[in-house]
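Shared between the two complexes below is chain A, which pairs with chain B and chain C, respectively.
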Partner chain A sequence: MSRRLLGLALIFPALAVIVFLFILPLIMSAVGAFQVESAFGWGNFVKTFDLYTKDIVFSVVIISLSTVLIGIASIAIGGYLTLGEHPVAVAILRWLYRWPMFIPFIVVGQILRTFLAKNGMMNNTFINLGLLTPIDAQSFLDWRGIVIAFVWKQTPFVTLLVAGAMASLNRETIDAARNLGASKLRVLIEIVVPQVAMTLTVGLILSFVTMMSVLSVPLMINAQSPTMLTADIAFRVNSYGDYGVANALGLVSLVLASSVAWIYLRASLKERA
Partner chain B sequence: MKRMSYAALAVVLAALPVRAAELTVATAGDQNMVDYINQYLGPMFEKTYPGNTVRAVGTGPGDAGSQKILERFDAQSAAKSEKWDVDVAVVHEKFVGPMVDKKYLDKYRNDIDTGKLVSRDNAKMALGTNVEGYVMPMFNSQTAIAYNPALVPTPPKSYTELAEWAKAHPKQFGYNGIKGGASGVSFVMGWIYAFGGGDANTLMNGPFKQDETTKWDGAFKSLADFTKNATLTPGNAGTLDLLSRGEIAMGPVWVDMFYSWQANGQLPPTMKLVLPAPGMPGQPMHYVIPEKAAQKDLAEKFIALATSPKVQAEGIVKKFNWYPGIDADNVKKELDDATWNKLFVDISPADLAAKGKPFPIAPYNNAILEAYEKSVK
Partner chain C sequence: MTVVASKSSMANAWAALWWLPRGIVFGLMAFFIFGPLFNMLLWTVAEKWYFPYTFPLQYGFSSWEKVFAPRGGALESLSNSLIVALLTVVVSLLLAIPAGYALARLKLPFRSLILLAFLIPQAFPNLTVYVNIARIFYEIGLNGTIPGVVLVHVSHGLVYAVWIATAAFSAIDIELEQAARNIGAGAMRTFMDVTLPLAAPGLMASAIFVFLESLDEFTGSYFVGAPDVNMLPLLLYTSAAGGNYQIASITALLLLVPSLVFMLMVERFLKADVLSRVGH
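Moving on, here comes the complex of A and B:
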C-alpha cells in the first residue's frame, strides 16, 4: 500500500465521523428548515419570526451580556494571577477558580435553582446577616438566573486561556511599566490586556457558541416567555413533533453563532496580513 | 473432520433461539417509571416466568420520552425491520393515536385476561383516535390545584373564583407556563375549557374544526393578564418547591407527585388539593406492544401481570399514588381502606368523575399551545 493510501486510510475514521455525524445532519436540518409538508417554502421561518422574535432577541441579549461579564471576570482573575503580589492569595485563587469547569451545566442549573429562589440560600444568608428584610427578598429565577449560571460556569474556561496567555507574556514590559510608576490596574488595562486580546476573543467566542447551545440551564431556571432558543427548539420537537420550525430556529442560532465566528476570522486574518 | 463437525455444531448451537428470552420494555417518564419496572415489575415477572429477564429502557421524562419511542418505531418501520427491538412500550396518551394510525401496534387487549377489567373511556379513545384494543392503561393521573390552607382558608371552587383570587393576591398563584412540564399545560387547557368561547366537549371529543380555534381570543387575553399577575415556576417540581417554601400559595400540580412529595416529607402535610370547576385534564399512560415485537407472547404475559388487580393495588396505588389503570372496584378489593382512602382525601371519587377531564384532541391541543405562545408573552 502506498504511503498516500495509508494516510487516507488513517484519516478516514475521523473524516467519516465528521461527515456523517456533523456535516450530513447539518445539511439535513438546513434543508428541513425550508420544508413545509414536503414542499419547499418559507413557512417555517414565517412561524419562527411570528412566535419567537422576542426569544431570539432575548437569547442574543442574554448571551452577549454574559459574554461581556465573563470577559471582565476573566481579565480580573487572570490579571490578579499575573500581577498579584500576595503569594498565598494567588495560590488560593489559582486553585479555586477552575472548579466550575468540571461541573456540568445541568448541575449548575440545579444548584442555582435552590440557591437563587426567593427563599433560597442566597436570600436567606442576606436576611440572616441583616442585609435584607424577608419582604424585600425576590426570586432570581428569571433572566438574571440564566446570566449568573452562564457567567459562573464559563468564566473559568476563558480565564484558563487568558491566564495562560498572560503568564507567557514577556514580563519585561510589565516590569518596565511598574518601574515607571504605573498602577497595577493601569498595567493590566494598558499593557497586559492588549497583548492577550486575541486569546481573550477566542475564549469569549467559544463561550458564546457554547452558551448558544445550552438547553439545561434555561429549562431548569426559566423556561418561560421569553426564553432561550434552545428551550423553544426542544418545545417544538417534544410538544408538536414539528421538526420544520425547530430546524428553522436551529438555523437562526447557527447564523447568530457564525456571525461571531466571522468576527473572529476577520480579526485573525487582519493579524496575519 | 472431527474438528470441523464440532465447529459446525457450535455454529448451529449459537444460531438456535435461546429459550430464556430477554424482554425489552421501553418507558417514557421520569426515573421513577424506570425504577418501577427495574425494581418492582421486572423481578416479579422474572419470578413468575423463570428463565426470562426484563430490560427496562427509560427514554426520558414528559412528552419528549414518548416522542423518542415514536421516532424509534418510525425508524424501524422505515428500515422495514422484521423484528423491532422493543417488546413493550409505556407511552403518553398523546402518542398512542399516531402509533395506531401508522399501524405500528398490535391489537392485543382481547388476548389477555385483564383486558376485560378496563372500564374508562380513555382506553377506547385517545385524544380523538379510536385505540380500542391496542392499549392497556398502566395508570391514570390527574392534575389539580394544590394550595396552602394557612394562606388560603377557602380555596376557589371554580376557575372564575380562582382568577378573582389571583387578582386579589398578586404573585401568590404560581404555574409553570407550557414549556416546563404538563401541569402548566393542563392548567392552560382547563382555562380554555372554562373561558374559551366554544364548546369544551368538542375540544375533548372532536371533530376538529378550524372555526373553533378562533373562539379563544378573549380567554387568552385574560390568561395573559392573569399570567402577568402570577409567578412563573421552573417546572412541575418547581411549583411544588415554591409551594413548600411558602413563595406561592397555590398552583397546579400532578396529584400523584403531590402525594409522593408529601409522603417523602418534601411537602408539608398541611397542603391540600382542590379540583376547580369545570375541571382540569388528566391522562393515562398506556402499555402498548409493537406489531413486530420479537417476544409478543411474553410481552402479553408481562402486561397481563402488570395490569392484574394485585399489582395495580400494590404498585400503582400504594407505591406511587396513581389512580389505577383498570376498573377501580377490582383494585379496591386488594387494598385496605386506609390506603385506598388516601387517594381520595381531598378529591372525592365524585369530584374526580365530574371534573377529571381528558386533554383536548391532538389538533386542538397543538392549536391551544401555539395560541398561548402567540398571546401570552
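Moving on, here comes the complex of A and C:
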C-alpha cells in the first residue's frame, strides 16, 4: 500500500463521522427548508418571515451588540496585560479574567439567571451599598440578560487569543512610541490593535457563530417573545414537529453566520493582495 | 538629597494612588465574575431563601440529599453523563490517533482542507444539524440511546481530538522514530513503543477537552438524548425550568468543578511546543 493510500485510510473513519453526522444533516436541513409537504417551494420561508422577522432582527441585534462589547472588553483587557506597567496589577488581571472561559453555557445561563433577577444578588448588593433603592430594582432577565451572559462567557476566550497575539508583537515600536510621549491609550489604538486585527476578527467570528447556535442561554434567561432564533427552532420542533420552518430558520442563521465569515474572508484576501 | 527623596516619595504616593482606580475596576470585575458563582454556591445550601432577603434564611444540605437520593434522578444523570463522556473520549481518540498521525507524518493530498473539515461542526450553527440528526437517528433506532448521544458528541469533539493529536504527533522529533526503525523495530512497534508514549501528554489534553465538551454539551443531548437518556445538563435545565433553584445549582456545581479544575491545569498538559502547532 502506498503511503498516500495508507494516510487516507487512517484518516477516513474520522472524516466519515464528520461527513455523515454533520455535513449530511446540514445538507438535509438546507434541502428540508424548501420542502413543503414533499414538494419544493418557498412556503416555509413565507411562514418564517411572517412569524419570526422580529426574532431574526432581535437575534442579529443581540449578537452584534454582544460581539462589539466582547471586542471592546478583550482589547481593553489584552491591552492592559500588554502595556500595563505594574507587574502585580497585570498578574491580578491575568488571574481574574479567565474564570468564565470553560464554564458551560447552560451553567452560565443558570447562575446569571439567579444573579440578575429582580431580587438577585446583583440588585441586592447595590441596594445594600445604597446605590439603588428597592423600588428602582429591575430584572435584567430580558435581552440585556442574554447580552450579559454572552459577554460574560465569550470575553475570556477572545481575550486569550488577542492577548496572545499582542504578547508576540515587536516591543520596539511600542517602546519607541511610548518614549516619544504617546499615551498608553494612543499606543493601544494606533499601534497594537491594528497589528492584532486579524486575530481579533477570527476570535469575534468564532464567538459570533457560537452565539448563533447557543440554545441554553436564551432558554434559561429569556424564552419569551422576542427571543433568539435558536429558541424558536427548538419550539418549532418540540411543539409542532414543524421541521420545515425549523430548517428554514436554521438556514437563515446559517446565512447570517456565513455572511460574517464572508466579510472576514474578503478582508483577509484584501490584506494578502 | 532631600529633594530627590521627597520627589521619589511623591512618585510612590502617586503610584499608590493608582491602586484606587485599579482597585475599583478589578473589584467590579471580580464582583461580576465571582458574584454569580458565589450566588450559585449559596443556592446549593439554601434551605429557605425568598424575597426580599439578601442571604438565605436557613442553610442546610437537604437538597443535596434529595439530589443524591436513589430516586432523585441526579445519580442516573450523573452516571449517564459520565458514561457518555468516557465513551465519547474513547471513540474520539480511536478516530483521532490514526488521523492525527497521518496528518502529522504522512503526505496527504488536501491536508489543510482535511484539517479544516473537522472545524466545520464548530463553525456552523449546529442547532438545525442536531434536529436533523435526531430525525435520522429516530428512523434507525438510535434516538434516545446512549450510542446515539455519543456519536453526536464525537462529531462535535473531534476537532479538539484531531487538531491536538496532530499537533502532539508533529511535535515529536522524527529522528527518535527513525532510530527505533534503524535498530530493527517494525512500524507498528515503533508507533506503540516510541511515538505513542511521547505523544501521551498531548493526547491526554485532547482527551480532557473532549471529555469536557461532552459533559457540557446541551443542544445535541436535548434533541437526541431527551427524554430517554437523562444527562446532567438536561437535569439542570428541567429543574431550573421547574423553579427548583437548589437542584439546578447543585447540578451546575457538578458541571462546573471539572471545567474549573481543567482551566487551572490545562497548561500542564498543553505545553507550548504542542500548542504552537495546533491548527498547522
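Heads up, the rule we're going with is that the second predicted complex is superposed on the first by the 273 of 273 C-alpha atoms of A that agree within 3 Å, B and C clash if a C-alpha of one lies under 4 Å from a C-alpha of the other, contacts with A are read in each partner's own complex, and residues count from 1 in each chain.
As a working rule, contacts are C-beta pairs under 8 Å (C-beta built on N, C-alpha and C of every residue); 3 or more make two chains touch, one makes a residue touch a chain.
Remember, it's a predicted structure, so these values are computed and weren't measured experimentally.
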| task | Following the overlay on chain A, give me a clash-or-fit verdict for chain B and chain C. | result | clash
| said: Is A:M220 touching anything from chain B or chain C once the two structures are fitted on A? First, second, both or neither. | reply: both
| request: Between chain B and chain C, point out the one touching more chain A residues. | output: C
| query | Looking at the overlay, what does A:G43 touch: chain B (first), chain C (second), both, or neither? | reply | neither
| message | Between chain B and chain C, whom does A:R113 touch in the aligned arrangement: first, second, both, or neither? | response | both
| request: For A:G32, decide between first (touching chain B), second (touching chain C), both and neither. | output: second
| With the two structures laid over each other on chain A, which partner does A:A234 touch: chain B (first), chain C (second), both, or neither? | both
| Regarding the shared-chain residue A:K54, is it in contact with chain B (first), chain C (second), both, or neither? | first
| chain B clash site on chain C (candidates 184-192, 202-210, 220-228 or 256-264) | 220-228
| Residues on chain A lying within both footprints (that of chain B and that of chain C) | 113-114, 119, 219-220, 234, 237
| Can you name the residues of chain A that touch chain B in the complex? | 50-51, 54, 113-114, 117-119, 139, 141-142, 219-227, 231-232, 234-235, 237-241
| Residues of chain C touching chain A in their complex? | 15, 18-19, 22, 26, 29-40, 42-43, 51-52, 54, 95-96, 98-99, 101-103, 106-109, 114, 117-118, 120-133, 135-136, 151-152, 154-155, 158, 162, 212, 215-216, 218-219, 222-223, 233, 236-237, 240-241, 245, 248-249, 252, 255-256, 259-260, 262-263
| Given the complex with chain A, which residues does chain B contribute to the contact? | 62-64, 67, 70, 176-180, 231-232, 234-235, 238, 241-242, 245-247, 366, 369-370, 373-374, 376-377
| Quick one: in the complex, what on chain A touches chain C? | 3-4, 6-8, 10-11, 13-15, 17-18, 21-23, 25-26, 28-29, 32, 86, 89, 92-93, 96-107, 109-115, 119-122, 124-125, 127-128, 134, 152, 206, 209-210, 212-216, 219-220, 230, 233-234, 237, 243, 246-247, 249-251, 253-254, 257, 261
